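Below: the structure, in structure tokens.
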Amino acid sequence: MIDLREDYLRTRRFTGELCEPLAAEDYGVQAMPDCSPVKWNLAHTTWFFETFVLSGRDGYRRFDPTGAYEYLFNSYYNQVGPQFFRPNRGLLARPTVAEVYQYRQYVDQRVLHMLDAGEASGETAAVLRLGIHHEQQHQELLLTDLKFAWSLIPAPLRPIYRESKSRPSDGSGDLTWTEYPEGIACIGHDGPEFSYDNEGPRHRALVHACQLANRPVTNREYLAFIEDGGYHRPELWLSDGWATAQQQGWQAPLYWEQSEAGWLAMTLSGTRTLDPEEPVCHVSFFEADAYARWAGARLPTEQEWEMAAVYAPVAGNFAENGYFHPIAPGEGVPAKMFGDVWEWTSSAYLPYPGYRPPAGALGEYNAKFMNGQYVLRGGSCFTPESHIRPTYRNFFPPDKRWQCTGLRLAR
Amino acid sequence: MIDLREDYLRTRRFTGELCEPLAAEDYGVQAMPDCSPVKWNLAHTTWFFETFVLSGRDGYRRFDPTGAYEYLFNSYYNQVGPQFFRPNRGLLARPTVAEVYQYRQYVDQRVLHMLDAGEASGETAAVLRLGIHHEQQHQELLLTDLKFAWSLIPAPLRPIYRESKSRPSDGSGDLTWTEYPEGIACIGHDGPEFSYDNEGPRHRALVHACQLANRPVTNREYLAFIEDGGYHRPELWLSDGWATAQQQGWQAPLYWEQSEAGWLAMTLSGTRTLDPEEPVCHVSFFEADAYARWAGARLPTEQEWEMAAVYAPVAGNFAENGYFHPIAPGEGVPAKMFGDVWEWTSSAYLPYPGYRPPAGALGEYNAKFMNGQYVLRGGSCFTPESHIRPTYRNFFPPDKRWQCTGLRLAR
Amino acid sequence: MIDLREDYLRTRRFTGELCEPLAAEDYGVQAMPDCSPVKWNLAHTTWFFETFVLSGRDGYRRFDPTGAYEYLFNSYYNQVGPQFFRPNRGLLARPTVAEVYQYRQYVDQRVLHMLDAGEASGETAAVLRLGIHHEQQHQELLLTDLKFAWSLIPAPLRPIYRESKSRPSDGSGDLTWTEYPEGIACIGHDGPEFSYDNEGPRHRALVHACQLANRPVTNREYLAFIEDGGYHRPELWLSDGWATAQQQGWQAPLYWEQSEAGWLAMTLSGTRTLDPEEPVCHVSFFEADAYARWAGARLPTEQEWEMAAVYAPVAGNFAENGYFHPIAPGEGVPAKMFGDVWEWTSSAYLPYPGYRPPAGALGEYNAKFMNGQYVLRGGSCFTPESHIRPTYRNFFPPDKRWQCTGLRLAR
Amino acid sequence: MIDLREDYLRTRRFTGELCEPLAAEDYGVQAMPDCSPVKWNLAHTTWFFETFVLSGRDGYRRFDPTGAYEYLFNSYYNQVGPQFFRPNRGLLARPTVAEVYQYRQYVDQRVLHMLDAGEASGETAAVLRLGIHHEQQHQELLLTDLKFAWSLIPAPLRPIYRESKSRPSDGSGDLTWTEYPEGIACIGHDGPEFSYDNEGPRHRALVHACQLANRPVTNREYLAFIEDGGYHRPELWLSDGWATAQQQGWQAPLYWEQSEAGWLAMTLSGTRTLDPEEPVCHVSFFEADAYARWAGARLPTEQEWEMAAVYAPVAGNFAENGYFHPIAPGEGVPAKMFGDVWEWTSSAYLPYPGYRPPAGALGEYNAKFMNGQYVLRGGSCFTPESHIRPTYRNFFPPDKRWQCTGLRLAR
């Protein structure tokens, strides 16, 4: 259990470290219903451990005996109980930030005590492990929600989360294609390491012959789409995508601004000139799909992506780097599948053949969201490195742009 | 070209026959944005022939030289031009019904003249054929839209479309399962007969071992789900499905009413006692999915369905029957795959491997809707029989219930 | 009772005459929730007589014994019973137009029989009289709703209600001012002639010294406001007015269109060049108020208006004229207070001192709408002449423009 | 200028004192679009002094030279410049609370320096005085917005603003009526003391004979309305009021909760048993109007109220008391017109005869809101005592309940 203890501690501490640059005022804002306040993220991940690991144990007394935390910090588990109305999470002046940190400490002490006492084996260890990965997901959300919240602050007042490390742009090299012949691939996770339930069961799938690009689409390439009228040509778009783009007035990826000196992009290190060699990010599925059509290509299926990714090292630009922004891949670098940007696939987020969700409330973790979303692969510069693997299936609705989402071409 | 002429004439005439029971007042109503007025359906199908078959021909003069029809009756073809705002189709007092029928006659004369002159070969014949199938789709929509519009009329004033043929209920027999071993199936359409672009290209697909029910779920079976609290147990539902069911107050399929004497169902032949042996209809994908989960089963994928359907005769209860309602299948009848109700599959409506939409505006026919919808198979009691085939892919959003939609179980 | 019989007959017939130019398709359209279908107007006015005059009488049997009409054609009388959802009035394919005309005939026969039998005295006669005036209100609404519905039809298909009578524009003369000294005026209706409850009780009111313009504001004058940036200067507008104008994109009165040849206005006689000498019409209270502020003046209070109007003849351009559009007043004409356009006053629609609504459901006729609306005076070119009088208080919300509304300046 | 200096200092300090019980988390919440965050209130009142008093002065440098504050803290002055989108005020993590307090200090120093230097005379002094009264309005809003925000916190976590002073309920005495004969009253403010522009010009008005109640309606009296089905009888309500009550599910005043032990009311001192003798508060105009109709009475006009109030002492339960809740008036106490609850009148908020708003941006302070609102009189337990006077015209829309609003009967 030593590594579980270490993982737990390291993950919980990393959450704290991510909050170090924040002012008290940053903890409470919910900038749109999809986002949650930082404070809520801190409490919800703690609630997860309390609810699914501690609450059934002999002698455990909840931090908040009134039941209010149970209600406020339950995200969506109907089998646990009712939930506070999600769009109003930003209206809660209580608990305070200090109380939330006390809550974290309270739960940490009891989890660690349990681990030290050797009482976390089997199912308990598995749920603890799930809670650790769950917290990692919220580390990413905490940062992307913060970025969105800060984008609403008028520019002269907008804070810097972390100064940008100086880094010469390395270029991105030519886009090259790798060919894959048709074959039966084994898709999905199997084995003793952690994975989410939605990554299994491992199963055979027929994958048709295809070509995949060696790297994600860059800003330079995406700019060519914009300059060719990409946002004004309905024939390039899905019908829902075109409607969304019109309603929301999309003219470029989220966080791009046009200035007299050219395109700028807002980052957590401030607004700066767009680096044309970086992977394009903060595009919706609809934009990714339209770009691919314009480029005479398409998005890969998740099976194609996974087939290619199993041979690639899980290395790249992750959260631990502290960039919190994609970086140009450099010239002549071998195919890269991980980090920088989540890559939209053309696959709807659906259950794998033979999938069955776990029994009980934890069955709600992934299963009930298998509608109306697309699978993303590979992790981003906001994702903790230890969180990702080739079989990892992230998912978001096709109109969302506040995650660090880009694309890789297939054909 | 003789059969094309006959098909054209027969299809156009059948549209007229379907309108015979209507009063003048029935032509203009648009009961919700998803629906269109009967009048609009009549004009739009005509617009399709005028735009894609006639308008490019030497010497053809449009029926409406002002350009207004071109704008009003363009459903969604951006490459043809802008479109009248869809939710307002019911607000148009002009053109009148008589003018729309003149429009139909005008276009029919010119199409027939073209056919008689032997000027419809190759691409022109193909588009004519497409237009015929397109009109068949609108025959179904015309009836389902009418049914929905009439459901809003207070019951004592609600008209009868066609008296119900007397028909003893035949029972539905026990649900039995057919086993299919894992294998590589050939999915999709190929060959000289008509099909929509979205049915191809024909391709290999690995289909896992599965069992399919011999017939759709019946009202009796669905009632057991209701009585077991199916509409009140979130754990049975997808998250979006549960939210929709709550918002819309779903307690039963569309058109069901609870009376002191038990459940009633509104049909085009009036409201009558629910026949427990009929296939359940007017359920959304969300309800179908929840029912299947409750039943310990699941919906089939479209590949599973197609694999089973290629061996079944394309026969059943279709529009030509004049029932316009599902009928009980009878005892001891072999597996039936067609007619009665469209069957929801678990497959998101996405392009087949290697799919490319046709060039030009007709590429918008199917391709741009490949998002957020699910595939339905098999046709319904509102579908013309000659319209359907094993590879046919219908698609609707998961929350829609006004089409004649039911389900078949898989496991 | 002879005149009551004549009034009844004449009013009911005039409704029919107003419908003569209509196609069957014009009867069912509800172009926005504020409007009602022509068919509904025809049935509702009949419902009024049936409900408040006939239904309590011995032996009277309702035309529709099922109760559906009672529900469908009750506009807003909670004390009569529940009402069909107003925004859905246009979705009702039943009853048909023919059935509605039968309903009118059925009720007419019984009302006339009652009158011929001398059974309509006292309270019954009073309610009959109210029903006649009520029907006159709906004659105006029928035409203004129709005009709005037709405005949604693309121009080349838009029908002509009635050909415009040829009429040279007479000019409008200079705007002159009439002075009124401060005094105690007697405001409101009293006496045996018909009036609505909201016109009383007659009461004393202190009216401050003021000046009133001799005629309404003309298109020429209003154009100067537009050309001076009136729609782009928030300082001229009430806060709610500015917000409304921005949201709805107002740039001119409703039905105005800018063409290369200058401003056009849509009328029931077709779209034609704007006559600068006509009174401006189809402006909201917000626009009227902004115009007056721009002109260094203000709108009159309803007391000021009434004080001036009691001395003016109730003559002008009313519905019987058949113009259905304001006409230029001509040069050197004495002050005109009636016809052409309803004149917005600065008075909120509130009860007069000592006002008490009648007992029962008819107390809902006017009283419950005394919130959020402004008083209009004088009648319009859509108003039947016998419907109007100096004490008449019409009322509409400040953002509505589909009535024939203009303004007169005060200071 | 000594008193101006003192008034300024006292008012600014009182704002600070009102914030003493707040946690950092309470400053940023905007619980609904009508509310503003405490932080925004603090900055906006400071912006008012900076913009209208300091910014035009030689050598003055704005605290925020970037222009962001000018934009963020401009409430609605179009003539000053564009404004940040009001419903998003709660999404701004910057400026921080500390920065806002620095802003206050910065402006205070410069205003005081200006006063000490004798440079605030004439127009400048008048605007300073206006700014002081403006800040008092926001003191009240700050507290009522806070109360609303806290009402959204689940009860066990809800903080106490200030412990309730112990206070025996004194009873409310019988409701008695004072008669006023018809007469010409002088309405509105005149003279050297401060008043808002909307209180003038002073003018004659004919006020009809009436009777006014000696005290506001109590909880006990209002409960009788509830128990008599007041919230379920549409005939008691204005049409808009009934629609609002249904949509929002009103069953009692805001902040009332039904418990097994009877009615409770949430206050800034916690939730406690409803005291039946206190004036009812947090009722909308619609509820006040319905109650009065039920009671066989009506609301007073603002002229009637003012006529009665000029003879009453401006004394009562105001913010300085520190109760922040209405208190029972006690038995046998003479007529009270001030404090406890704002009293809805039946008068639409409209300009007085001869009213002209001040030139420039400050003309927007009151004038542009003269639509769709009703006048309230008398001040509440959240109003600073020095802020109120008999001619004071407060105004709110008829559906709002989060202000401390009650009613007095007239007949």
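A few notes on this one:
Here the chain labels run A, B, C and D in written order, and each chain numbers its own residues starting at 1.
Everything below uses one rule, namely that a contact is a pair of C-beta atoms (placed from the backbone, for glycine too) under 8 Å apart; a residue touches a chain by one contact, two chains touch by 3 or more.
Values in this document were obtained by computation on a predicted structure and should not be read as measured data.
Listed by label, the chains touching chain C and chain D alike form an empty list. At the interface between chain A and chain D, two copies of one sequence, more than half of the residue numbers in use are shared by both copies. Look at where the CA atoms of chain A average out and do the same for chain D: the two points lie 46 Å apart. Measuring from the averaged C-alpha position of chain A to that of chain C gives a distance of 59 Å. With each centre defined as the average position of its C-alpha atoms, the distance from chain A to chain B rounds to 38 Å. Taken residue by residue, chain C touches two or more other chains at no position, since every residue touches fewer.
Note for the complex: chain A touches chain D at residues 23-31, 64, 66-68, 71-72, 84, 88, 90-97, 149-150, 152-159. Every residue of chain B that touches chain A in the complex is listed here, in rising order: 76, 78-79, 184, 203-206, 208, 234-235, 237-242, 346-348, 350-351, 353-354, 363-364, 368-372, 398.
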